[in-house]
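Right, I'll just put the structure down here and ask away after.
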Amino acid sequence: MKMIHIILYFLALLSYTSHATTTSVNDFCVANLLLPNTPSGYPCKPQSLVTENDFVFSKLGPGVLIQPFNAGTTTVSVKNLPGLNGLGISAGRVDIGINGTIPMHTHPDATELLIVSQGQITAGFITPTKLIVKNLNPGDVFVFPQGLLHFQVNSGVGNAVAFVAYSNSYPNIHLLDILLFGNNLSTPTLEKTTLLDAAQIMKLKAQLGGSG
Amino acid sequence: MKMIHIILYFLALLSYTSHATTTSVNDFCVANLLLPNTPSGYPCKPQSLVTENDFVFSKLGPGVLIQPFNAGTTTVSVKNLPGLNGLGISAGRVDIGINGTIPMHTHPDATELLIVSQGQITAGFITPTKLIVKNLNPGDVFVFPQGLLHFQVNSGVGNAVAFVAYSNSYPNIHLLDILLFGNNLSTPTLEKTTLLDAAQIMKLKAQLGGSG
Amino acid sequence: MKMIHIILYFLALLSYTSHATTTSVNDFCVANLLLPNTPSGYPCKPQSLVTENDFVFSKLGPGVLIQPFNAGTTTVSVKNLPGLNGLGISAGRVDIGINGTIPMHTHPDATELLIVSQGQITAGFITPTKLIVKNLNPGDVFVFPQGLLHFQVNSGVGNAVAFVAYSNSYPNIHLLDILLFGNNLSTPTLEKTTLLDAAQIMKLKAQLGGSG
Amino acid sequence: MKMIHIILYFLALLSYTSHATTTSVNDFCVANLLLPNTPSGYPCKPQSLVTENDFVFSKLGPGVLIQPFNAGTTTVSVKNLPGLNGLGISAGRVDIGINGTIPMHTHPDATELLIVSQGQITAGFITPTKLIVKNLNPGDVFVFPQGLLHFQVNSGVGNAVAFVAYSNSYPNIHLLDILLFGNNLSTPTLEKTTLLDAAQIMKLKAQLGGSG
Amino acid sequence: MKMIHIILYFLALLSYTSHATTTSVNDFCVANLLLPNTPSGYPCKPQSLVTENDFVFSKLGPGVLIQPFNAGTTTVSVKNLPGLNGLGISAGRVDIGINGTIPMHTHPDATELLIVSQGQITAGFITPTKLIVKNLNPGDVFVFPQGLLHFQVNSGVGNAVAFVAYSNSYPNIHLLDILLFGNNLSTPTLEKTTLLDAAQIMKLKAQLGGSG
Amino acid sequence: MKMIHIILYFLALLSYTSHATTTSVNDFCVANLLLPNTPSGYPCKPQSLVTENDFVFSKLGPGVLIQPFNAGTTTVSVKNLPGLNGLGISAGRVDIGINGTIPMHTHPDATELLIVSQGQITAGFITPTKLIVKNLNPGDVFVFPQGLLHFQVNSGVGNAVAFVAYSNSYPNIHLLDILLFGNNLSTPTLEKTTLLDAAQIMKLKAQLGGSG
């Protein structure tokens, strides 16, 4: 922790306390990211230090396209828009290049709402009894209910862009490949728990940074 | 209620019941809009009748510009995207023509997140101790915390467009002018409770359909 | 922050920690108002420092009548009754002098329940499609659902008194006149977003402390 | 179910459905008490049938004093004020005659807030590690956190009156004596699980209607 | 829907309604599984039809071991223990034969708590930045936070048995292999969104009932 | 507070802060038991200090049998399994010796789910209008809804064992005898509020440590 952070921490505490009896407590609770999070969100920044910049993120531009997926996402969460703290919502932008894809993933704590802005996207989610897949065009809105495995594929001929909203102020993104092949969970355990072949597992571990 | 609705109602009940012991109950709960709402949302449509179309809205285009505000909003809620039921999120599009404005309003049950897509928008919200106003450009994201009075003004030279998300599957929109001047609340009561002059009140009642 | 506050802060932390393994954590969570609030409420005061006074407010008497409304409210919230922390309820008393009024306002985070104790009160709330107004006598109970614009008027010949409860441990009170005319939001912006005339706006700004 | 109820049931469904696409869904959800409750509250009455009377209870007067406790409570819940549905709050009035008491009880689903209106009341609640007791005078406000065993005793020389609010739209009242001695739970089981003597148990069962 | 179900449906409604004004509403809400679910759970069965059997499931015995995993789970949810409705908890039993495994899966809406009763189990869950794996013995308790990908492997020499609890009255179980290979999501789409080889995908589709 | 705790406290804060911008915030929130609790749970331990041991409790063995009840319970809560923080679930083990009993008690904040593992248990709970009692055998699962007074009796010929789960990360246990007779609430007040005889009260106070 840099010295400046320690100073900011005590400044915040100071400001907060000295104004505590004269200010509102519930109109909003801008995150004080210097203090530890709680299950309901970050402690509130003192109102006297809150400015209009706590409620704006500037600017949500095109994301860097990550290979081999040729796609990228940018997320506007409580971490970079602290006014979202405790409000149960956040946003993002999805860019999918030609032939690109946002691979299989889940958001364990959030529903995702997607608004296609440009191009064609095939979106889908999967439950044990349903496969829901839909081709989307600009202006189409699609919902991925909380916790379900889902994906987006560029099904058009040019770049695709979408804006997304999440029902959580910090939407964790769990890419299936990273979960399975990006750590050192042993190949025999993976074989047993996924039915994948050892060769397949080792090939993808090599690609995604896993070992074991 | 049209006869077809009665039939659909019993069909739904039938399908639901006969499959009740073999299907999931929680992966999602698509709204059965033919049954009465509850505080937690609509009763669930039977899984056997759920299709991919329950999770998509097509398509969120430019809204009709309403005068005198020269602006319009389109909302994608549980009413037209029933897969949103119970998930605490919805979406919309805001179009503000030249010199237009989305006038003062509240969403009593929802935080609003706004992503500017085109043009310049000046957005603001008000609490008893803070006035938060910010000029926004394309890509900027702004949050209006739940229940607070707020507005958006086109501050650029062309049309402005934004996508919005709400932390509720049905975001009520309470325009202040409609609340004050769109019904028959008596002018003397309005004078006492708003401090506005009677002449001002009567002028706006005439404009907004109110009486009394 | 006074030195005594710093000492109290560490005392609290100390007591808390040393007793942590032997005391209950959930029976109640009395607010430690010296620490920053969170979206779920204040951190808990250590049980060893909790006394019966943390659960009582003494006493909720007649409020000072504020002009020009000739009315006043007193609120018993987590700020002066720290045992309310995390429990989603608070209380208050409303006094409305002859011809007085509690002007148009909202509670963005709370439903209000009003019990008339003395006199006659006309209470009302407004939604885009409903105007609900009712004349109340002593013993009558009225509910103002969360976030809706509402008012109370003394409609009798003597003073009126009511007790109120809120569904939040800290009920923010947003008086419409203060929101619109008590800050420096520019008159042209107010004109555009409220349709009020500039003269009316400037007259009320002068009265309520606003500028711009 | 009387025929009129069946008719009302279908009328409600009819009205609801035919207006479903044009009315708000979330501003409030007045209970339709003719339909089965859900964990979140009753289904909503159609907006077209909602009137101002759905938001008022008239009037909360002195309760009948029940012997041997010489005290009585009246409750204003979703059952007699259907506008409370889904809003997490309700109210009541407590009358305690001279030497009277509201005996030991819990509200399993609600915090209680008590405002003394007349007389003196000694109020208390109990946890395994704390006994919180306080003498209250008119205007004093006391909170009984959710689920805790508590009581109120008239500690003055005249009648005592208090208004109460609960953090639930239907506050169940569990009087300890009724739970223990008002049913047919066998005396040997009661002896084992309370350590009370059989003679004491049988004496109170005779008084409170229990058997076994 | 069998005729008997229609009769039961109206019987339930009848009983409910005729007793509605005299019975409690919140002590519990036993599921009426004949009516459609809502986001907060099933409508409540009328209290007059509630019996002690609504609160018991008899009996949670060894599950059938499913191949090729040589393991089985039995779940006690609101569907077979209707008293769980709205209470946010359910239970289950896990049996893992020699060399068996509960393969990779998620519970999108529930945290899982596992108590080992017999044998040795290696349990683990995965996030993008953490792999948490632990060898468990009888009496050990392990928690899998909501929505995370996880697994259990029999790491002992005999059968393993565990009891589990979930933080939801109906814990959906999403087996990764079923999601990926048990439906007709096209092999090219799976290749793009999982990086798995087509041959691997087709081999597992053949095993798990998928096509396309 | 021991010096080591102070050091740990600052270490935690340090680690947390320095990694704050690069780690997830919501996948889990392991309790930092050194910091004060909040209504939503403890502040989160920094991810860099989280290990697999934060998610396991070892081991839930037979509890010490307490006299005169000849029974004991062991609880696995956020206090000894910090990974449970914010997840709304915990566990325990109940041991009831021959002729033993878990006496009348409530959990003010939790539903309890009981799975009988060995022996015979008679379980019951009580509401003002219902007495629910059931004889349970190994494998039977029983639910005690939140806040209700309940008990368990060994109704077999040998020891009885059960595993339990609670819908709260810290299940307070309120034994009725401790509440009534384990503190210094005066005997006259107890007489008035319970209808018990003074002799009975004094006898049990002597047994349970109470005075007054």
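As written, the chain order gives the labels A, B, C, D, E and F, with residue 1 at the start of each chain.
Note that in this section contacts are C-beta pairs under 8 Å (C-beta built on N, C-alpha and C of every residue); 3 or more make two chains touch, one makes a residue touch a chain.
It should be emphasised that the depicted structure is a prediction, and the values quoted were computed from it without experimental measurement.
K.L.:
Tell me, please, which chain's centre (mean of its C-alpha atoms) is farthest from the centre of subunit F?
P.N.:
Result for the farthest chain: B.
K.L.:
Of the pairs given as D-F, B-E or A-E, which one copies B-D, with over half of its contacts the same by residue number?
P.N.:
B-E
K.L.:
What whole-Å value do you get for the distance between subunit E and subunit F if each is reduced to the mean of its CA atoms?
P.N.:
25
K.L.:
In whole angstrom, what separates the CA-based centres of subunit C and subunit E?
P.N.:
Centre-to-centre distance between subunit C and subunit E: 44 Å.
K.L.:
Which whole number of Å gives the spacing of the CA centres of subunit B and subunit C?
P.N.:
The answer is 26 Å.
K.L.:
Enumerate the residues of subunit B that touch no fewer than two other chains.
P.N.:
In subunit B, residues 24, 27, 35, 38-40, 108-109, 127-128, 133, 145-146, 148, 172 touch at least two other chains, as defined above.
K.L.:
Let me make sure I understand the interfaces: which chain pairs count as touching?
P.N.:
The complete list of chain pairs in contact reads A-B, A-C, A-E, A-F, B-C, B-D, B-E, C-D, C-F, D-E, D-F, E-F.
K.L.:
Under the definition above, what is the set of subunit D residues touching subunit E in their complex?
P.N.:
1, 5, 33-40, 78-79, 108-109, 168, 170-172
K.L.:
If you look only at subunit C, which of its residues touch subunit B in the complex?
P.N.:
68, 101-104, 106-109, 122, 124, 126-128, 131, 133, 145-149, 151, 153, 172-180, 182-185, 189, 192-197, 200, 203-204, 207-208
K.L.:
Which part of subunit A faces subunit B closely enough to touch in the complex?
P.N.:
23-24, 27-28, 47, 50, 52-53, 55-61, 76, 81, 83-84, 87-91, 111, 113, 115, 117, 125, 127-130, 132-134, 136-146, 148, 163, 165-167
K.L.:
What residues on subunit A touch subunit C, complex-wise?
P.N.:
12-14, 16-18, 20-21, 24-27, 29, 32, 35, 38-46, 85-86
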